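Notes to accompany the following structure.
Labels for the chains are A, B and C, by order of writing; each one numbers its residues from 1.
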Amino acid sequence: MTKAQLLLRERSVRERMTPPSRFGDEAFKWLTLTMALAVVLLIVLIGWQLARGSSLAIQKFGFSFLITSTWDPVAEQFGALPFIYGTAVSSLIALLIAVPLSIATAVYLTELAPLWIRQPIISLVEMLAAIPSVILGLWGIFVMIPWLRDYPFPFLKRILGWTPIFTGPIYGPSMLAGGIIIAVMIVPIITSVSREILRSVPDLQREAAYALGATRWEVTRIAVLSYAGKGLFGAVILGLGRALGETMAVTMVIGNTPQIAASLFKPGYTLASVIANEFTEATTDMYLQALFEIGLVLFGVTILVNLIAQLLLKTIARGASPRAVQ
Amino acid sequence: MTMRTRRKDRHSWRKLESALVSGLTFCSAIIVIAPLALVFFHVVKSGIGAVNLDFFTKLPKPVGTPGGGMANAIVGTLELLALASVIGIPVGVLGGVYLAEYGTARVNWVLRFIADVLNGVPSIIWGVVVYGLVVLRFKSFSAYAGGLALGLIMVPLILRTTEEVILLVPASYREAALALGIARWKTIAHIVVKTASRGIITGILLALARVGGETAPLLFTAFGNRFWNHDLREPIAALPLQIFTYAISPYDDWHRQAWAGALILVTGVFCVNVLVRIFTRVRAMPV
Amino acid sequence: MLTQVMPQPQVVEDRDRAAIPPSDAEAESLPMAVQAKNVSMWYGAKRAVDNVTMDIPAKAVTAIIGPSGCGKSTFIRALNRMHELVPHTRVEGTVLLNGENLYSSDVDPAIVRRRVGMVFQKSNPFPTMSIGENVIVGLRLNGVRDRKFLNEHLEKSLRMAALWDEVKDDLHKSGTSLSGGQQQRLCIARALAVEPEVILMDEPCSALDPIATAKIEELIQDLKKHYTIVIVTHNMQQAGRVSDFTAFLYMGRLIEFGATTKIFTNPGQKQTEDYITGRFG
């Protein structure tokens, strides 16, 4: 090859390559930043829409919206207390059932179970989380409620009928049924978050306890659970956040009656259910406004609960990241 | 002598206690997954009878006329998912790219935090918001509104999974690409995202499976439709909506249809989940 | 862009000479390809490289040796501005590539990296790409579209990396399907494809078995006819085998720099001698 040819070839590679452009890099960075900022925009958007849609109701009812229990669309009198009560009680029932089961399952899966059985159970729990709410509701109406009505409810009434919470006639659709179905829905998330938390406990903790001759359970109790307490609490609060907002399955089994009753056999109503049921029937402006305000209340509470849960989970993650341990 | 026996007793009690707890936690695990088995069993048992060719090809029949299907609802759900993807996928994936590739630690912490909080917003709230945003403004329930609601739910889901799988891409690939003089954004788009694509697609599919089963955000956005939707500015049917309507109706025929719809929906959702899991386990992320 | 604006008689002349193996006399008069002047580098507050001044001759292999943590890998990253990928790093001093300052404000780091290529410790072919795609990805993503040109270049780069005969029938297979040594040569081919002037190698054989290592070392000997090579190694035998010049770095400082034969047989500094005779490191 002559010098000229070499020169030519040399040029051809360099020249064929396009010069790097700052524009491409800048544009791409700004594009992705805009998309990432969408999450901020969305949360503001929700708050703004809900506040805008309920401004008249807020003006008219003020604080009494939260503490009165009349829900009369015809007279345009709206008080959200029965729904707040229903949401609180059904979520509480759900937590009472779901928390022990979930944490026990998480402990089993991370500490006690034989290795071969862990992954199948984990997958099944994830599948449970994948069941659409409406299908769980369908199952709740036609399978769970008849069964509850025939066996566990009468049993509870016989044993605990002397307390105010298990008295009165048994219909089936009830606060208790609502709580149970919510429990089914929040078990997967509490289990999987708890599992992450337990896994993030450094093995050193466990080894130290084993070295002292502790049994498997003692290791779990002494080294793992005490270490993971705050994170597990975060998992529970996260579950509460989900419980408060569960809509379809609850709507289908809770009975949808705006009342405050001590007995868990009586039907109830939740914030999410009343929106689901009555939104399209809201014929007057004030009715719609009241439902928007219910949405605002629900949004406010779930944001607060989720905020607390994330703070609990994120601050422990800083100390011992679950990912770092894997 | 006595000391030794006591210690032995104590030891065996401790072992017994440990075994007891193992047994109890095992029972908890069984109780936790029992509903899955029960729901699956009942959905198959009650649904299989009503699933036939008509179910996939016919429109719903009026009350009292047996037969009919949910063709419009099945297609409607697919249309809604397509509309949701148009919003959810680009915003979620690109946002995730920002978090994984550009953001400073503090900005990322805040954005991640907000995305996680957003994931906790009840889906019915999204319905209310989109109602105020779209339905009130255009004075009509519409497929667009339903798709928007589902798409917005997808955003934080996809954003978080995208970020996580991109962070799994070893830094050595970024280094190698940049050392060739390739622009940063091309490195990200052609090398990093491509390497993480399997994980990103997994995240997208799981998000679709999740919102595909959502009912609450569609109640007053997509609204439902007994007929075919010919215009996306009109109400549209969706499988979960149809199941809900039928489930709370007083008619046995409709209950049967609801179970059949549930079988189809559950099959779809489970198939995506199982496939994704098999797919990602067999061909794990290259490390 | 810059390369077109600035005349580069030096490079053209080098290329020309590369066609004929340089004689010893010529080698001695070789121009300097890279000149580092008072280069200091910081990771946050920690100074990793301390005031290193070093002229790296063109068309020769320069080895950088020193105990781990001495700043040798950090230092070569200053030569193609790769350190900029790590947040909180800072460089002071200048680096000249054929007389041009790599750090002047109008120089794009991407251009620097096209001219100063890099091969890493662990082979890292892109897992989503075939062998062929891996080789030409640098050209393709830098805007070269001409299919015929790319194919020609693919073969040429693989031949230069002594990999063509082994993979020519498997170009569509995944780059990760190759053996460790082949993967590393694939990475070298990938770096060669964009036709850099300088190739930085960061312990390229540390993950390879002796046979694969020997092949890479042989390849380095071939490549120095056309390229300036800087190789970081913790293996002194390797430095002795492949390099013409050796720099000894210790605690971020350049202790000694000179012809490899001199450094290994008659080091000028006590520290160099101690290190080479294995008294520490």
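One rule holds for everything that comes next: contacts are C-beta pairs under 8 Å (C-beta built on N, C-alpha and C of every residue); 3 or more make two chains touch, one makes a residue touch a chain.
Note that the coordinates shown come from a computational prediction; the quantities given were computed from them, not determined experimentally.
*Asks:* Compared with chain B, which chain's mean CA position is the farthest off?
*Replies:* C
*Asks:* Which chain is the middle one, judged by CA centres?
*Replies:* Smallest offset from the overall C-alpha mean is found for B.
*Asks:* For the chain pairs A-C and A-B, which is connected through the larger number of C-beta pairs in contact?
*Replies:* Looking at A-B and A-C side by side, A-B shows more C-beta contacts.
*Asks:* Averaging only over C-alpha atoms, locate the centres of chain B and chain C and give their separation in whole Å.
*Replies:* Here chain B and chain C have centroids separated by 48 Å.
*Asks:* Calculate how many whole Å lie between the centre of chain A and the centre of chain B, each centre taken as the average of the chain's C-alpha atoms.
*Replies:* About 14 Å separates the centre of chain A from that of chain B.
*Asks:* Where the centres are mean C-alpha positions, what is the separation of chain A from chain C, in Å?
*Replies:* Inter-chain centre distance comes to 53 Å.
*Asks:* Which residue numbers or ranges of chain B touch two or more of the other chains?
*Replies:* Residues 181, 183, 186 of chain B each touch two or more of the other chains.
*Asks:* Among the residues of chain C, pick out those that touch two or more other chains and give their numbers.
*Replies:* Expected reply: 110-111, 114, 142, 194.
*Asks:* Which residues does chain A have that touch at least 2 chains other than itself?
*Replies:* Chain A, residues with two or more chain partners: 17, 20.
*Asks:* For chain A, which residues count as touching chain C in their complex?
*Replies:* It is residues 1, 3, 6-7, 10, 12-20, 22 of chain A that touch chain C.
*Asks:* So in the complex, the part of chain B that touches chain C is made up of which residues?
*Replies:* Residue positions touching the partner: 170, 172-183, 186-187, 190-191, 194-195, 197, 286.
*Asks:* Could you pull out which chain B residues touch chain A in their complex?
*Replies:* Residues 14-15, 17-18, 21-22, 24-26, 28-29, 31-33, 35-36, 38-39, 42-43, 46, 90-92, 94-99, 101-103, 109, 111, 113-118, 120-129, 131-133, 152, 155-156, 159, 181, 183-186, 188-189, 209-210, 212-216, 219-220, 223, 240, 243-244, 247-248, 255, 258-259, 262, 265-266, 269-270, 273, 277 of chain B touch chain A in their complex.
*Asks:* Can you check the complex and tell me which residues of chain C touch chain A?
*Replies:* 1, 3-4, 11-12, 15-16, 19, 108, 110-111, 114, 139, 142-144, 146, 149, 153, 194-195
*Asks:* Going by the contact rule at the top, pick out the chain C residues touching chain B in the complex.
*Replies:* Chain C reaches chain B through residues 80, 82, 85, 110-115, 117-118, 120, 122, 124, 126-128, 137-138, 141-142, 176, 187, 190-191, 194.
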